[in-house]
Amino acid sequence: MALVSLKLVTIIAEGFLEDKLIREVRRLGAKGYTVTPARGEGSRGVRASEWEGGNIRLECIVSPEVAEKIVKRLAEVYFTNFAVIAYLESVEVVRGDKYT
Amino acid sequence: MALVSLKLVTIIAEGFLEDKLIREVRRLGAKGYTVTPARGEGSRGVRASEWEGGNIRLECIVSPEVAEKIVKRLAEVYFTNFAVIAYLESVEVVRGDKYT
Amino acid sequence: MALVSLKLVTIIAEGFLEDKLIREVRRLGAKGYTVTPARGEGSRGVRASEWEGGNIRLECIVSPEVAEKIVKRLAEVYFTNFAVIAYLESVEVVRGDKYT
Amino acid sequence: MDPLELLRINLLSPAVLAFALGMLATLVKSDLKIPEALYTTLSIYLLLAIGIKGGDALAQTPLSQLWGPALATLALSVVTPLLSYAVLRRRFGVIDAAAIAAHYGSVSAVTFIAATAFMQAASQPVEGYMPALVAILEVPAIVIALLIARRGTGGTGSLGEAVREIFAGKSILLLVGGVVIGALAGEGGMRQIAPVFIDPFRGALVLFLLELGMVAAKRLRDLRKVGAFLIAFGLAMPIVQGALGVWLGTLAGMSVGGAMVLGTMAASASYIAAPAAVRIALPEANPSYYLTASLGITFPFNLTLGIPLYFYFARLLGGG
Amino acid sequence: MDPLELLRINLLSPAVLAFALGMLATLVKSDLKIPEALYTTLSIYLLLAIGIKGGDALAQTPLSQLWGPALATLALSVVTPLLSYAVLRRRFGVIDAAAIAAHYGSVSAVTFIAATAFMQAASQPVEGYMPALVAILEVPAIVIALLIARRGTGGTGSLGEAVREIFAGKSILLLVGGVVIGALAGEGGMRQIAPVFIDPFRGALVLFLLELGMVAAKRLRDLRKVGAFLIAFGLAMPIVQGALGVWLGTLAGMSVGGAMVLGTMAASASYIAAPAAVRIALPEANPSYYLTASLGITFPFNLTLGIPLYFYFARLLGGG
Amino acid sequence: MDPLELLRINLLSPAVLAFALGMLATLVKSDLKIPEALYTTLSIYLLLAIGIKGGDALAQTPLSQLWGPALATLALSVVTPLLSYAVLRRRFGVIDAAAIAAHYGSVSAVTFIAATAFMQAASQPVEGYMPALVAILEVPAIVIALLIARRGTGGTGSLGEAVREIFAGKSILLLVGGVVIGALAGEGGMRQIAPVFIDPFRGALVLFLLELGMVAAKRLRDLRKVGAFLIAFGLAMPIVQGALGVWLGTLAGMSVGGAMVLGTMAASASYIAAPAAVRIALPEANPSYYLTASLGITFPFNLTLGIPLYFYFARLLGGG
């Protein structure tokens, strides 16, 4: 079975950013996404999200180019004012065309 | 400490497939699994799962052979009719024997 | 954009260990953590956690040294008596300094 | 009361207004989110409570009064899916036609509750054993529709599993389980649980409809996808099946209220038992067809216009 | 009743004791965790129930009685945020001052409920239409504060989006939606839903305060961070705004009970609508300032000492 | 009423039937899933409600009537774990024996509620202060069992932490917190919260038992693992401890109803406080032993046969 190597972008952010971030990743070329509820702490400490049901963990499998774009966009717009982190991994998928 | 390299198979699927998929991975040789609730969107759009509480995110740490088998099985039986995706990663674990 | 390579430690454990494990990883040098609710089965079968709301999935992005320390600590203190597993991955992050 | 007055009563009822509020919330992109746990809890609660009320009434109903309405219900559960299927085949393939037919042959518990609430508001008595009929109406239609699809195609899904799924499904399990609990509870037992399973019943419906409104509004976004034919079907078929139900109910000697509720049951489209079974037995069927039709079109129609209409039918036939 | 007796009644009320229990749970690191779904459900329930009760009362209130109190409320919604902002600027930057002012200008639904519960315990009648005033008081203050911040700085967040957020926010949506449902339900409709939306109201408050106590205690840990100035502000400003509210309410011809509740509304600081809006329009503002002040300091103060105090004010002015 | 009649009343009670329904759901692999949030909410609710009811009654009980029953309860909390431990050591190691003994020495709140509900159904009055005794019975047995294990072995877990865990544990916190709230609420306060904390009490139990039935059925799958000895223990020990409890209660001058409920408390095995504490203090202990015994064997036994049996004992001794 042909496995294709792609990038998995994982974004952890305050819950109220969910819709915003989904719009962003879709706009930047993600064909799909998966959200799991999460909670956590980082350098920013207290967060309004404590009020809006914690954090979210947003995953998208995308091409390396799109991954690069997403991380860039996050760094420019979100990292400064919001409790957001993101990391990249390489993953192997079946039906690679589905994601690009 | 001896770290062993194994495969992490992550399956994202409609919630009602949970029991089915768990049976499958166990049958194919997974010694354990972890499920986290999830929601998301992909190419398939609307999904009955909207009714049955969203998607699930099913992880198993397995040997490369078992990983291969699982992905193969998914591609054959599930990908066509169900909202299911899967991806593979390499992970390092302690107590490697535990998983194989 | 400068991407730094770090280690992602994922710990899956019985829910009631959450606070304990968070204290541990923080003590060993993690600057932050993310927890997602989970459920699952492994070699240990039945678990009190069935009572205390399933498992948790605890992620921290840390330096390779800290990752090593965390896994070592888990192997020594937790693996024997508790339903706990852990695995390591390499991830790329922006703002690498944030995590170390 | 004249029809318009009945319509007004229904449209301004807390339940319908809550449904509208839910739709509004989705349309204005509100941050209002009903926790999934609340939605699940309410559906468990409503099914169990319907069953308990029905069982309590059943225990006080002589069997002689039952078999007539029971037969009428069985007849509906056979005729309606076949009817829907025949109509749908003009546009849809075997699989999708059967999948949609399964939904329209079965019954929506919430529509049933709304009908009884409306009857109460119109102070029209209804037979107490109706919930037992809901249980009868729910299953056969789904099985029939699945069998049709099976005959028409190989079908990849497992039928046996689907049937198991239906009977072990939470919908039937809670409904029938509730009937048993209610039938055996006796006066003392009922008094103990009434503050949870009887009194808050209609109020809980309001919360549930708030959520259903949000879901229905999401479905509406797919209207374009499903096409004019399915929209027309989703509006016309309930009227036909509703009239049929009222008529059979009247024949079976039910009261005006009972015939009206049976009609509403026939007109309603399942969205718990049917989707679950169809997803397993007919995975190739497109969910956006059957979910949009049953939830986005037929459910709102019955809730708002259908219910007063079926009451109107019932009074024409039953002369209430 | 003498002031001390009123204080006792309030401090020993189930609601306040539940709040204390919640704080204790956090302080002793109890494994008690309120499921997020329960917290969300209760806040949805309380907002909707307030609205429904208010709408029901509103339907029976001649408009002539309304405009006075409504104007008084509008006045408060303009004056209080400006007042808070002016004070806060002595220590905080434009952004943080405006963010905190938005919270103190708006209103806390739970503090409102606690005030009405207390009035009932003190068997002091309160105008039924108060919830409508809550809806009026909630929004303008937030918008004003955001505008101030916008004038003072470029501001990265989107104001338009924030305003949409406020009106489409669950808090306003459920409150106003509830008012409509309650106003249209009529006697029959209300009777159907009372077992859910009227009777359990105060009991549900107890559960909600258990959770709020746990959250407030977590906030307390940040007290050191926020500094003496903000702590003093969180204790003094409610008294000022409370007195102002009682006075305007009395001027507007409201009863002693009504003026007391309006005062408590003015004294209370929002923690649902305001944080959500501020987070979007002023992301640079530091949440630990506004959340700690409103939840960790002002809310507990109002709940325990403020409420009896404002009642005392109301009786001085209204001579109750 | 003759014993068989009592048995019938108990087995056909909504609570027991709901438990059976839950077991059935698991056995037929139903897709019914109780949201974890609902389960947690119900357990918080039931513990708090027990406490509040008890506190309300306590406030009206002269201390002179209390010390007798309190001493009897304390005696039970010392004797029963030692007894269980002695028996279990014949088969199990120190750790597992102590772990199981901790569960059987402590008390199950739900079994307690079921007993009081049954007494009500049998219209047999019960002392109102019983919940205070539940709080007394819950803790000591666990501590004793842990101490035994500690003496017997090094033990890796932390005892101090475990004891903190017990007292800060949600079970004790809510029970004692509820007692305080109920004791201070007074008539007015109670009237305000009764629609939530008094009336729905037994109905909520039904929902909770639906879930417990599902969990118990899962446990049953482990029966083979745990072996005949533990199964026999799980059936015989409750009878012994139940008789002991009834006897001590009668000696302490409690009514037939009170002695019966105290007996049931003694016979019941904890599944909230004990597992949490044991998991921390004795991590080496095998959960499938203590969870299967307390939840899979003893709980169902008490719920169905035990409760009428202990009532029978109580009437023999108390001559009710």
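Residue numbering begins at 1 within each chain, and the chains themselves are lettered A, B, C, D, E and F in the order written.
Going forward, a contact is a pair of C-beta atoms (placed from the backbone, for glycine too) under 8 Å apart; a residue touches a chain by one contact, two chains touch by 3 or more.
Since we're looking at a predicted model, the values are computed, not measured.
**Student:** Would you mind naming the chains that touch chain A and likewise touch chain D?
**Tutor:** B, E
**Student:** Which chain has its C-alpha centre farthest away from the C-alpha centre of chain D?
**Tutor:** Computed centres place C farthest from chain D.
**Student:** Can you check which chain pair, A-E or D-F, has more C-beta pairs in contact?
**Tutor:** Contact tally favours D-F.
**Student:** So, what's the distance in Å between the C-alpha centres of chain F and chain E?
**Tutor:** Their C-alpha centroids are separated by 41 Å.
**Student:** Distance from the CA centroid of chain B to that of chain D, rounded to the nearest Å?
**Tutor:** 35
**Student:** Calculate how many whole Å lie between the centre of chain C and the centre of chain D, each centre taken as the average of the chain's C-alpha atoms.
**Tutor:** About 47 Å separates the centre of chain C from that of chain D.
**Student:** So which stretches of chain A touch two or more other chains?
**Tutor:** 16, 36-37, 52, 89
**Student:** Give me the residues of chain E that touch two or more other chains.
**Tutor:** 29, 31, 35-37, 40, 195, 200, 276
**Student:** Would you pull the chain E residues touching chain D in the complex into a rising list?
**Tutor:** On the chain E side, the touching residues are 35-37, 40-41, 44-45, 48, 52, 164-165, 167-170, 173-174, 177, 180-181, 184-186, 188-189, 192-197, 200, 276.
**Student:** Under the definition above, what is the set of chain A residues touching chain B in their complex?
**Tutor:** 1, 3, 6, 8, 31-37, 61, 89-95, 98
**Student:** Which residues of chain C touch chain F in the complex?
**Tutor:** These residues of chain C touch chain F: 14, 16, 45-48, 50-54, 81-82.
**Student:** Which chain D residues qualify as touching chain E in the complex?
**Tutor:** Within the complex, chain D touches chain E at residues 12-14, 17-18, 21, 24-25, 28-38, 117, 120-121, 195, 199-200, 202-204, 206-207, 210.
**Student:** Going by the contact rule at the top, pick out the chain B residues touching chain A in the complex.
**Tutor:** 10, 12, 36-43, 55, 57, 68, 71-72, 74-75, 79, 85-89
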